[in-house]
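The following pair of complexes shares a single chain, chain A, combined with chain B in the former and chain C in the latter.
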Partner chain A sequence: MRQFEDDKKVIIMFLIPAFAFIFIFLLYPLIRTFYNSLFYILQNTNPRYVGLGNYQKLFTDSGMITAIWNTLIFMIAAVLIEVGLGTVLAILINFIKRGAKFFRIVYVFPVVVSAAALGLLFSLIYNYRVGLLNTIISWLGYNPIRWITRDSSLWAVIAPVTWRYVGFYFIIILTAITKIPKTLYESAEIEGANRWQKTRHITLPLIFSDIRISIIIAITGVTKVFSMVWIITQGGPMNSSQVLGTYLYSVTFQRRLFGYGSTIAVFIVIFGLLLVVLTNKLLKSDDDSGYGTPGM
Partner chain B sequence: MMDKLKKVFIKSNIGRIFIYAFLIFWALTTIAPLVWVLNNSFKVTDEIMDSPFGFAENLNWENFQVAVERVDIIRSYINSFIMSGTATILVLFFGGMAAYILGRFEFKFKKFFTTIVALGLLIPAFSTIIPVYDLMIKLNLINTYLALILPHTASNLIFAIFVLSSYMSSLPDSIEEAAIVDGASRFQIFTRIIIPMSRPALATVAIFSFLWSYNDLFSALILVSDRSVRPIVVLLNEVSSRYGVDYGLQAAAVVLTIVPIFLVYLLLQDYIVRGLARQGSVKE
Partner chain C sequence: MLSSFKKTGLILIVSVLFLTLTAPVSYAVDLEVFTMFGGADPASGAYQDAISEFESMYDVDINDDSSTMDDSVKVRIENAFQANNEPDLTMYFTDEQASPIINSNNVVSYTEEIFPEYPELKDRYLEDPLEQQCWKDDHIYGIPVTGFYEGLIINEDLFEEHDIPLPTNWGNFITAIERFNEEDIVPIGAGLGRVPHYIIEHAILVMAGAEQHNAGLKDGVPQGWIDGLNLIKELYEMNAFPVDTLNMGWEQPREMFRRKEVAMLPEGNWALGALSENYDTMTILPMPVPPEGRGEYGSIIAGFTSGFYISKDAYQDEKKGEMVIKLVKHLTSKEVMADIVEANAGLPSVKGINVNDLEGLSVVEREGVDLANLASSIVLPTDAKISRPAFQEIVDGVAYIVEGEKTAEEVLESAREIEMEARRGEE
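So, the complex of A and B:
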């Protein structure tokens, strides 16, 4: 490409605004968070240096341990429900003609709606007095149930969060399926293959790499869960449904422990990076190079 | 034996019925709760308690009136649109400029900038919020629109530059060269050629920047929680915690949030589906 004499000026002028934003509101705060994690800070005043003290606390703090443990369970559920159901629905919808568009519109809709609105919707659904679930149950002649208890709260938040994202993986897999050349199916039909055989021998092998990418996105995505859990349970009762994001919020902005909150934030960053590396390693095959941008 | 059974099951219409049954079942997990909440939004709380399943016989707008008058939901709508809209415009503008450079120029420190963008994708809002909050306090910006616009612009810029620069680098060189021969400046090339040609990618970036910003409860709770500036997601959180027993109001708030999104979704669904399919950017 031909260059202008003042291209250098253009390059600088065009890059400055965007990267000023990125430096001031992303990179500087990130570095600052690492620094703050070495201090005891209550309500952003009088920092006291505590070295790695906050990090020692991290692994003895029962709230934090619950949050990590819940996040891991959440990840398994995310893979099974989000990617699993998304794949099943994408394969099934490919068998039908009438109504396919309608189903597609309905399945993707929850992905687009604010998690906060869906969170409020689900807290109404779970409500003891007027909730949809207890209404159905008493209509069937049983006694109402408390849906959000210490034992059940984690599942009460996993259900709506994973339900919401099924449509996302449905679309990813469906797009992959529509890219498979029709001729493959036609020749299989000539040889007398049925739906089941076509799915097993043509569709599944050809969408395998997309399933793998979906699994990576689903696992790394769990570290970002916040809104729905916050609105439905606020991480409670007694921390039983805490995930990393909600625990960070309650430590930092309710208990006002800014130093320890920073330590949790650092943990989330490192945990996220580890997951990207690990999932890429575990799920990598020969035909594609690594993929690692959570949330993308 | 199993094979034979399978064949009967799959070849016949039973297979088709099963497929439809499952697809309809999953559609109902979305449709049923929405119909239920829509129905309840037209009943006052006492009515909901008496018969949570019964149909709202006459449309009672009281809940919506409370939502507008007492919790000021219109104000929150306006706040959301101002903040997410401004952030989106800034992202398109500055992101487009930076992407043009990173996608179509070769220069000394290019690697440095592309590395920053790649790293930026791995920085969650959780890890920057505390210093951003401090910064906003120092700048006296807490509970002003800028407190949310600035960090949202920064984090969406990363995604925008990522998507736009790869799109712009795929545009053919020849058009740009022809413009140079015609005596166009770099700025003219950018505004008159590159931007119009990148429209599909810009649309994707605009939709997802806006949606992500509009949906982000975490940062909004911390930076813009005051009634005068709070966006719609903060209002929903407020309604859920403060008006916990006013079920009618809660239902109305859900409906008032979901209906506009639904209309926009129907209009833009092709763009949205395409954007999602490119693994575009479902953040939270």
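So, the complex of A and C:
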């Protein structure tokens, strides 16, 4: 018993620095952000208490509503493209014997390039006069196209952002696939299963929990999307590609409304948590269906 | 293989060398300085030379954090003052944007404390530039460096090549838009979706006139402001702007102007440095006034809206106080000011500088200075008259107005509501 108590002290001693770090750099800013959200603060001066006024404004602000809506579309695209395509590529790469390493590097490469560099690259690709796309179109004898319009801007930013992360989920899923015991596939082969049947009945069920985690990471990641959208469109034209991250920046840094900006930040945290809980609930029943996990 | 003795000796020598090279040199005074003369600013070279010269004159180390301005840098500076973590000397805006700096109560009043003790600092200034620095309480907290002016920068050779008269009146201006459209040249370079600032200021000035332009939004929305924003819509409908104007920043119109794809560029003197390749074929003119406009041809947006703020803590510090004043005197000396004017083509704020004597200035830069000196009236920019969120509402609203999604009245009424809310916060 005495020995256990000593251990407890040691454990607490080791936990304190980490807790202090989390409290100072995460919890305190979060509490402070919530406190600020109850004030009208312009340029960080003369805060004026407005109670829940900023929260009421949140749901009547057309810019915010557009940002929420666009973020939801972004999330669906992130799940389908980032996780979906990442999974498909991982399964396909697992089939091939030669050149797998090359494709692994190619798919993962965009993940290691900075978002700012990719944002700049895509803003040049979309450029009306000197952009890559319009140069190709001109070579083919057609007139140049405005790639970033009110109707297309959201997709113009979804494409590079989701493309960038395909490689990230590809690696997660590929790692999960490689952990599946080869004996399962060999048994299936003896039973006469083809590739599709092996994928459908062995691979997918055994990597499902990894796919679920990937979906949750992809969804929460979208609430943090900022750099590439800001560089390519700044949320425009006319808020058409505004997402929560860019709208938060616009309100806080361009308009200098620190109180309202804090309200948006609090909303993003709650929104992210709600989506994680919801996604977990929606996917939980499948996970409990007896397929097990690949960590065996 | 090296013997252990040799290894130890080698490690010791390397360690001593490393410590010698990296050991901080101690100076009598360390000063933290922030200015807008950083990065690609045309005056950054002249400023760096001035700082190096000052460091060689005194036992001082200047920790220079200068940077070109963007919203994140502005917020960083504003927050530094709010947190009483401000630099010892800061160059920042002195117009409406100075509120967080001055309200922080962390800057010294030149009027009350510095000028009485150092009258020679006040005496070196021209009267107008110094008067423009007066805050709402009649105190001066920031003393100016160089002033700015805005105008219509013209690719003159394009006008000559296509036999189009220069836009010295509204008729010529409209003719130029029509003719350049026919020639597949963009008439006016501006990004209406992201940074329509200069076209907003010009349009409001010519339609509202100086008096209404200066009125701001506190007493209602002036008709001239509505007319100004509607003028931008008219020009947009005439295809006066680039096809992708709604998704452009300020860099692209400048680049297009440099490459002769744009005929006219509403910008300020700070843009001239980036257009140096075109100096021989450029001129700068005031924005022409439409027949229904209340403005006067020759009235321009200009002024002295930035200056040096001295931190209270630094001024009251035994060592720093004297040194920071010496630095301000050095940076606002006639010689340094002349170098900066030569670099950024700005307006000198101190006595004894004749721009005609500055050999480094190009013809177009001299024309720019003349434009300001000969202006029928000078008004400060729109964002110097209204609060930041109200101005941003107008900036964001321009795209909606030109696309017909909102009216100018709607955008300005919304900006006025925001303005009134911001002013309530000040009280």
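Everything that follows uses one rule, which is that the second predicted complex is superposed on the first by the 259 of 296 C-alpha atoms of A that agree within 3 Å, B and C clash if a C-alpha of one lies under 4 Å from a C-alpha of the other, contacts with A are read in each partner's own complex, and residues count from 1 in each chain.
To be clear about the criterion, a contact is a pair of C-beta atoms (placed from the backbone, for glycine too) under 8 Å apart; a residue touches a chain by one contact, two chains touch by 3 or more.
All figures in this text were calculated on a predicted structure; none of them were measured in a lab.
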Is A:171 contacted by the first partner chain B, the second partner chain C, both or neither? first
On the A-aligned overlay, A:10 touches which partner chain: chain B = first, chain C = second, or both, or neither? first
On the superposed three-chain arrangement, identify whether chain B or chain C touches more chain A residues. B
Tell me the contact category for A:93 with respect to chain B and chain C: first, second, both or neither. first
Please work out whether A:129 is in contact with chain B alone, chain C alone, both, or neither, and reply first, second, both or neither. both
Determine, under the contact definition given at the top, whether A:253 touches first (chain B), second (chain C), both, or neither. both
Just chain B (first), just chain C (second), both, or neither: which does A:142 touch? neither
One more residue to check, A:24. First (chain B), second (chain C), both or neither? first
For A:112, decide between first (touching chain B), second (touching chain C), both and neither. first
Chain B/chain C common contact set on chain A: 44, 127, 129, 234, 252-253
Complex contacts: residues of chain C adjacent to chain A: 71-72, 75, 78-79, 82, 99-100, 103-104, 193-194, 242-244, 246-247, 249, 256, 261, 387-389, 392-393, 396, 399-400, 403, 405, 421-422, 424-426
Quick check: in the complex, which residue numbers of chain A touch chain B? 1-2, 4, 6-8, 10-11, 14-15, 17-19, 21-22, 24-30, 32-33, 36, 44, 85, 88-89, 92-93, 95-96, 99, 102-117, 119-125, 127, 129-132, 135, 139, 163, 165-166, 168, 171-172, 174-175, 194-196, 213, 217, 221, 223-227, 230-231, 234, 244-245, 248-249, 252-253, 258, 261-262, 265-266, 268-269, 272-273, 276, 293-296
Mind pulling up the chain B residues that touch chain A in the complex? 6-7, 10-11, 15-16, 19-20, 22-23, 26-27, 29-34, 36-37, 40, 48-49, 52-53, 90, 93-95, 97-98, 100-102, 104-105, 107, 113, 116, 118, 120-124, 126-135, 137, 150-151, 153-155, 157-159, 161-162, 173, 176-177, 180, 185-187, 190, 211, 214-218, 221-222, 232-233, 236-237, 239-241, 247, 250-251, 253-254, 257-258, 261-262, 265-266, 269, 272-273, 276-277, 279-284
Residue set of chain A touching chain C in the complex reads 40, 42-46, 48, 127-129, 146, 148-150, 153, 233-234, 236-239, 252-257
